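We call the chains A, B, C and D, going by the order they appear; numbering starts again at 1 in every chain.
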């Protein structure tokens, strides 16, 4: 089932590695199958080089494996919680990208210091409370704290991003790491650095939604 | 039109990614078509891997699309402002390279601490005031603050470089990131570090213009 | 002898370079040959690009070369000491990965700040006392200080990891560098940062052993 | 002339880029032609991707171009000064590697904090006084300050390494950057960190010369 979408989810997972957002077997991308109760997700603990369309796992919204020989990601229940609570979300991405995770370790929200951060994340990327891995606790933290932002720092763990498409969730993961890296460098030199003003952030947001990219 | 130059602009855009100066779809290179009112520039929000000679956009100096199916970069008006105001500039490069952007976030000029920085940038790379994306405001900041330097830090945004050729504008973008990275490391260890003296900078500049590279 | 296992040890050594854990010719992976007194190890001072199944060295547990034209790694006696003292260990990995080595230079244990660190290393990665290279002193430091942890920081030198399989020892080396990098970033910003609590670490460990990966 | 050695010098120059020691066109490797008054060196300002055996430049010890269409590196006179003063040196390598250059900017010697640094550099890598580019001033700084060490930090500029073979000079350049990176991380966390003791350094040196690598 869903061969084309499984290929896309597989490719998106591989892009996590190519964009240096994950190492070894950590991190995962999932996608809701449009107009169904199904979700496609990476298998647990498999190397990115070994991923193929064939070993992507199809689960229903209760976590029952519908297709696939392998166990799905240990984060599956949390992905599913997000899909059940947020109808606008069709893709969830999880990474341990380095600079973003260093803010997550400290339990700090990541404020917007650049026009790019303001474009994509508005005022800040929120940081969650600590959540245990393996059930839907992480999903609940995401839904409770992410709001309108496409990204959230998961306390002492890593990052999750969401989007109406795989492309948008992946972009949020890439831009979050860039945002965290630049904020890290700048605030290490200047700890009292002020984020962008509300006026600038509002104008970035408005412009970006209206004008960036192709239609 | 201009197939050879479109291929060069396309290749230069891809070099931004290969030199780790940009991520996802941010950043762009443009080039003036010699002896015309035309400029070739990257389309907006397109992945670097998907760029080809065919999807480069040709605009006139008023921003009217002359050739190309796609919308040009959202920075197009600012590139054009530079071309209109600076006849010596035939290429403009825009990146969000990490260390340079961290100086831009802080609104700090980047002084020259190395012979390479002095060779290419003279005393310092200036930092602009904040400019809104989307119209020609960024172009005006560039023209008002860049002076004889081939690079400028764009406040809370990224960097722009200019040159009489694509090669020179690209080189300024690469050397700027190197310069910012080394200055970052050194000043984090030693915040009161002194830049090079005016005598050394003058001698670097003179030597470099006279002797470096092939004729 | 042991062609298949020599190919695996060769590939594992090359993965050190591909994962940016070593430079030039430093670092090595060895593996015990199951149900024998033999160990396969990288030759000394050979470039990773030049490694092949054919130039892997087979030694017995006394360090006598049984097969191979080249001298084995200068760390061989230390690897053998570990195999002799720890029957549960079938692979030893040695790297000079950057952030982990920076903790080893300072002689600091690396506490767990992330769920991934807790999953793989429990409370902390211990740091050894200084040991001289070339005999079995490093092996003795490993056995005396590593305990149940799959990794140890070798004072002023680098890191060693162990596992019941090559895959597990390699994973420990990759995750150790990630763990050290994130801890470095976070503690540089916030020197008094608290590691994860014992309760969280215990729950991570339990979950990870029971649920992560395929069976 | 010297086709085999020109191919080796060309390959060594490309390795500078592959090991992330240089960017754009900076940096160079040269080699003395055994039993002659000739030296082979990289042309000035040429991209590493465009280097070939054919465009390597052969000069005599007075700097006269004996073979090659292109101008030799602007550092040629300094390389030649080293070859004239140091009969034991058959290869000179110049890079602007990031962390090493950050120590050169600060005018600081780089002390040995790791066994690898002690193996290759003994107590420290010295830092020179400032020297002007283009004549033999840099060469004089090298000869005056490098002593028995295979590497020197060139004040406010970059690094030079020397060796009896290309392989050894290149290795010193790679290990110097590793050494500088690790020392940077460790001393940023702990500014008063003590380098290795003289006893440890002496024992590393002795062991390394006697035992590392193949004969």
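Structure notes:
In this text, contacts are C-beta pairs under 8 Å (C-beta built on N, C-alpha and C of every residue); 3 or more make two chains touch, one makes a residue touch a chain.
Because the structure is predicted, anything quoted here is derived from the model rather than measured.
The chains in contact with chain B and with chain D alike: there are none. Note on connectivity: the fewest chain-to-chain touch steps from chain A to chain C number 1.
Annotation, chain C versus chain D: rotation angle of 90 degrees from the Cα superposition, expressed as a multiple of 5. When chain centres are set by their Cα atoms, the one at the greatest distance from chain A is D. Mean C-alpha positions place chain A and chain B at a centre distance of 31 Å. Chain geometry summary: the mean Cα position of chain A and that of chain D are 44 Å apart.
Annotation for chain C: residues 188 touch two or more other chains. Contacts between chains, counted with the stated touch criterion, involve the pairs A-B, A-C, B-D, C-D. Residues 19, 113-116, 171, 174-175, 178, 181-183, 185-186, 188-190, 193, 196, 200, 203-204, 207, 211-215 of chain A are the ones touching chain B in the complex. On chain C, the positions that touch chain D within their shared complex are 23-26, 43-46, 70-71, 74, 96, 98-99, 101-102, 105-106, 130, 132-134, 156-158, 184, 187-188.
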